[in-house]
Amino acid sequence: MDKEFIARGVKRCSTPRFLLWILPWLSLLAFGLYSAGLCLVKGLNQTNMDNRFAFGLWIFLDLTVIALGAGAFFTGFLLYILKLKELRAVINSAVVIGLVCYSGAIAVLMVDVGQPLRAWFTFWYPNVHSMLAEVTFCITCYLTVLAIEYLPILLRNRKLREVPSFLVFEHELHKLVYVLAGVGTFLSFFHQGSLGGLYGVLRGRPFAFREGFLVWPSTFFLFIVSAAAVGPSFILLTTWLVEKISRKRLARPAVLELLGRISGLLLAVYVLAKTMDTLIWINRTSPDAGFPAAQYYAWRPFGTWILFAEIVLFGLVPALVMLAPWLRRRTGWLVSAAAMACLGVALNRFVLTVQTLALPTLAFDKFLSYWPSWQETGTFLAVVAYGVLVYSFSFRYLQLFPEERELKAEVRQEKEEELPAMAGRY
Amino acid sequence: MIARYGMTIDVDRCTGCGACMVACAVENNVPPAHQGANDRKGITWIRVFQVNNGQDYPNRRSAFVPVLCQQCGKDAPCASVCPQQAVEIDPATGIVGQMPERCLGCRYCMAACPYHARYFNWWDPAWPAGMEKTLNPDVAPRMRGVVEKCNFCHGRWHAAIERAAANGRSIQAVDYVPACVEACPTGAIQFGDLNRPESAPARAARNGNSFRLLEKIGTDPKIYYRSTKDWVHRISSAPAPGLGKERSRG
Amino acid sequence: MNTTRRDLFKFVGGSVVGALFTPAPWRLVTDTALWSENWPGIPRPARGEIRTKFTHCALCPAGCAVRARCVGDQPVALAGVPGHPLSHGALCAIGLTAHHLPYHPSRLKQGPAGEAAQAVSAAISKCGPAQHAAVLDLRPGRTASWTYRRAMASVKHGLYLAPPSPFGGSVAFDLHQAKTVLSFGAPLLDGWGTPGNVIAARENFRLIQAEPLESRTASLADLWLPIRPGAEEALAQAIANVLADGKPRSPFAAQTGLTEQQITSVAEELAHNGPALVLDGGQIPAVMELNRRLGSLGRTIVARRETPVPESWKKAAPVTNLASVPDGSIRVLLIDESVMDAYLPWSMIERKLVPDDPLVVTFAWSRQGYARHAQYVLPAAVYPEIFDDIPPAIDSVAAVFRIAAPLVEPPAGMVNPSEFIGGLAGLPAADALRQRADAIHQAGRGTLFTCAGAKSVPVKEVKPDDFWKALNEGGCWLDAVDESGAGHRFLWPANADDEKRSSAPPEDLPLVAITCETRAAAAPLSPLMSKLYQESNLRLAANHAALNPATARACGVGEGARAILRTHCGSAQIEVSLDSGVPPGVVKVAAGPGIMDLCGASARAQVVPA
Amino acid sequence: MKHRGKIVFLAGVLAALGAGWIGFPYAIYQSRPQPVNFSHKVHADKAGSKCEDCHAFREDGSFAGVPSLDQCAGCHAAAMGSTVAEKNFIDQYVRPQRQPPWAVYARQPENVYFSHITHVKLAQVKCERCHGDEGSTDTLRPYRQDRISGYSRDVWRGMKMDDCVACHRRQGLEFSCLECHK
């Protein structure tokens, strides 16, 4: 029934089946919105955060999600600025993912603050020294950029094209795309960095505090590199996932491999930098603050294993895998390496947010534990569901993978006849 | 800087009676605990911790340490992080001010504070019926969802200024004492202007038995603790895991 | 021409664009932000002229002087009165928040006064030969106490009961004279006597605290002797031995859990660094014997004169020690718990009542205390509403007279205990305080301290009306110190419940429960005290207990676990926390009325998982 | 017709502008009459009283603000003039000893600390500087308060934080938030 919305030349599953697919996600979203509503109406006493664990699941989610969403700007950067034409195959998908991640992050932030009605003060009375102000500015700006980047994709929808003015508008927008990519890249570099700075500047938390260059602590730069590294990995991962779920070939293996290579390369750089940073921190920064670094890892359960997992297991290993051509060529290795890279960055964000707050700072403090309440978890899940939904709709009605059509043609006919039932889960 | 208000707290004199904690709450219109509150969700601008030498009975020795906002120096960890200038250091008094009406409740400053001296309003303030009549008119009650903390009883500072103006005295670097200082029955807490060499905290700053919490992280606090016991001095440094367990109550 | 949907879109689009160029959206954004400053539920403190009133705190026998900061007539903050001869400007946490008490959620608003009065007179007429109608006064020595005694003198079978007290109450411990103080678990620095006075004297004496737990006092003492629970008497004996013949006799020394050398050094200090003073919580004869041997009697333990009373009052019932009343002999018991020095375990009172339907009437501010056991609960005014005097504290050498003048008007429907009990005997009790004040003025001794100017004047120089006026404005009368007191005969303390101490530990009660925070059980607490008991764990909250980890393991309970505390008086639920500073085999439990009924000061106990 | 679309769009713009500039400023306030039709003018001229006669300072330097009933009753125990306003005042408030529920035009938000004495006595700021010529008005205009924030309209015009800050900045007396907030 919604055929005229679906792009020409691609096949999508029947409407009922699509509804069946989005139904669980919708219900999850509904539940999430309910729990978020509770937090907004009744206040943050609905969460398990407290004065000592001032940040919890949500901030961890924000940092992670934005790191993963970095694929949007970085792919744009590679494609439009560095002219890596192959990446045209995934750029639209990247933009949607970016949009999802950033809007989701901002939505959660609005629930996370105690007085959302005053959130705009940050723009009216900004404190230029605050990393959080920097973050807020960049993220909101970049979200607008993403929205503008998303528009052409949206307007290219088969039905909307019928409006002539839209077509013109879309065309005009398209000329902007290079500018947008440039601006987006700049903004993203900045706020990925400030997100890192968020914790690096906390001199009161020697576990997170880092020295740096100019006004920025080292985490500022580490975050940029790690985000840039993991962004492509995440796009790789999602593309592969969508291919699996939709039973379609959406991008050529070469594209995924390229993504993998870029990811691997940057990840290697990141691991190197991170290692150096850690060594400096262990041997200078932390002891200077009177905190022998060994102490941090004496508080169970956060032993040195977490450091190892973060740098070696989920850093070095995937980097090497993605750098080794013969491994990269095997989809299994490539995808799992990408997954590990994503996990590694998530772990890094977890350490910075949760472990930092769990560790005592005063001699008579205790090691703290925290477990999110169902309202927090619900809100978290809402973002996931929201992401899946937006992506599903975009995938169904928009051209996320330009190569899909050609690839479809290449696909041998009989394959489709063999198993018509399986044709197009979407 | 006109004045630099600070405190000296003699740990050896503190009996842990808690008078300072309730006097503070009375002065600053801090509501009684919501029944869901605990020692991590409550609001105690000044909180007395019972610390001990880490040994067991019968060798256990305890001391009481009142911890309030340490009123850090010019690079206070909380001031620089606030995204919308709700935290600032008053150049006229050196007091680290927190503006609940400007605060959006992001709690970044709480994560930044190593002394856990900042408190979030997890609930809307609530007093038993009729008890709101006992609120102090010099301090505005805060609303849910914002951060608050000790500001050396700013209401009293305002009152002191008015009194000075009425009596034709200078309104700069006025003399006043915060509620906790007034309430302390043993005189363990003393308050004064660090810029005046003869003031109690200024003298404490020069005293050999004085120490400040986590001096090494360079926050330059204005609260000087004092004790003749060596093991008490250990609380000024970083936590040590082994001792950490059972190291404190309060 | 008909409007299409596209027109509609265009119009809406246009108005949206237009709206952005009007103040409306921006003002709305601002207003909502401002609304969040004063949305419903955020109270607005009343403004008005700031006035100062003075009174005395009636929450404990210390009766500290209080300066109230009022907006108009409403007190908004309490503080001590610097320079006060007794309280020296100190005020404890409970006293600092007392102006909240009239609004306490669990406060009693009304009660069946008339009904109770009839029931009482009916029950009195039913009294058998050996039965009594008694008033239990939990703060003897007040003017109200005299009213009770006068009433009971004329009421048939009337009896006036007071809690057991050292030497019958007319004796003071003079810390200012002492050089060395040995305290057997007396909470010297945690609410004992007049806190301000103790602190003022603290510089001059060396404090040795003999106590199983590292209490607040122990942790601040110059020397803490961690003795075995219940070994106070043994230590006293052992020290006495040393004083007598140079070394402790073995059985005692062993029982204390201290080394002979420790005991000997303490004894020598007491002997050589005098004047000495030995204090204890529950009056132990051996301790008093020790004081006698150290020559403390008459030096650091001195007689205090009675505060003068009108001659006409002298025909009053004697003060009877509750402990010395035969069990099962009280048919009617009126308990005045509107003010309370200490909470007596209910079991101690209950066994004095007749077995067949005794009548218990209590005057209380809430149902938390003895009201739980009474047939009639009559709502009494609570400080700072009450109009009552506070007898001298245990550490005040001179007789004093100070009044808790009301800072707030009591609500309608409150019952005044002395008017009620006086009414039983047809005594007018309304202006008893004034009569007492006049009697004091006639006696002409001593000085009057006025808070406003913080100065003292001889009573002789004050006119009776001014004297009365001053007393109502927080003034305090201090008697001249009685030099003749040295020759005072000290009557030995009646040994309260020694059978419990002497009995061997029963198998099923392996632990010793020691109650702390006992003042919290006696005085009403402001909701704001949650700062100490709930929002921090500075003090152990009622019905919370601390155990040594080893002991807890043996009992099968862990940190934060709910458990049952059993004693020979019954059982109650407690919440357990672990503290390796608590001696093994001991339950440190915070007193609420329930726990006090269960354990008193200390009792054999058992802890089992709930 | 060709421009139809544009016209419709413009119509929308104009409609919004009208509503936003003319309708909204009225809608946002709710108006409340003062309890008594008090005339500053009469008291200033006839009674020859100055501002500080009624709006006095206390010894501790705090500002009494609107006088309490007994202060009014000091003169108006019985009618002095023949005005209806005075008669009503005496009947409704003086006799029953009921405080008139004055609505203070210049009442700042709860979190604002303003010291009259430092401004009036030390800085010699004239009352009119902030309050306008309230002292010479003959009637009390109705009190208008913002429907959402609940703040008085006068605060919005000339007594906003920005206005305070602007003046303090000129004097070089701008220190910190808690200087003027409580």
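Letters are used for the chains, namely A, B, C and D, taken in the order the chains are written, and counting of residues starts over at 1 for each.
Rule of thumb we're sticking to: a contact is a pair of C-beta atoms (placed from the backbone, for glycine too) under 8 Å apart; a residue touches a chain by one contact, two chains touch by 3 or more.
Quantities reported herein were computed from a predicted structural model and do not represent experimental measurements.
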{"item": "B-D compared against A-C, more contacting pairs", "value": "B-D"}
{"item": "Distance-to-centre winner among chains (Cα means, whole assembly as reference)", "value": "B"}
{"item": "Chain separated most widely from subunit A, comparing mean CA positions", "value": "C"}
{"item": "Cα-centroid distance, subunit B relative to subunit D, in whole angstrom", "value": "37"}
{"item": "Whole-Å gap separating subunit A and subunit C, where each centre is the average of the chain's CA atoms", "value": "61"}
{"item": "Separation of mean Cα positions, subunit B and subunit A [Å, integer]", "value": "40"}
{"item": "Between subunit B and subunit C, centroid-to-centroid distance (C-alpha), Å", "value": "29"}
{"item": "Subunit D residues counted as touching two or more neighbouring chains", "value": "60, 62, 110-111"}
{"item": "Two or more partner chains touched - positions in subunit B", "value": "38, 41-42, 49, 101-102, 124, 139-141, 143, 145"}
{"item": "Overlap residues in subunit A, where contacts from two or more other chains coincide", "value": "115, 118, 121"}
{"item": "Pairs of chains in contact (touch as defined earlier), listed by label", "value": "A-B, A-C, B-C, B-D, C-D"}
{"item": "Subunit C - residues contacting subunit A, complex", "value": "29, 32-33, 35-36"}
{"item": "Sites on subunit B touched by subunit D in the complex", "value": "88-93, 95, 97, 99-102, 138-141, 151, 154-155, 158-159, 161-167, 171"}
{"item": "Touching residues on subunit A, where the partner in the complex is subunit B", "value": "43-45, 49-55, 112-116, 118-119, 121-122, 124-127, 129-133, 136, 198, 201-206, 209, 288-292, 295, 298-299, 356-357, 360-368"}
{"item": "In the complex, subunit B residues that touch subunit A", "value": "34, 36, 38, 40-42, 49, 51, 65, 67, 75, 77-78, 80-85, 102-108, 110-116, 118-124, 143-147, 213-219, 234-245, 247-248"}
{"item": "Residue numbers on subunit A that touch subunit C, as the complex places them", "value": "115, 117-118, 120-121"}
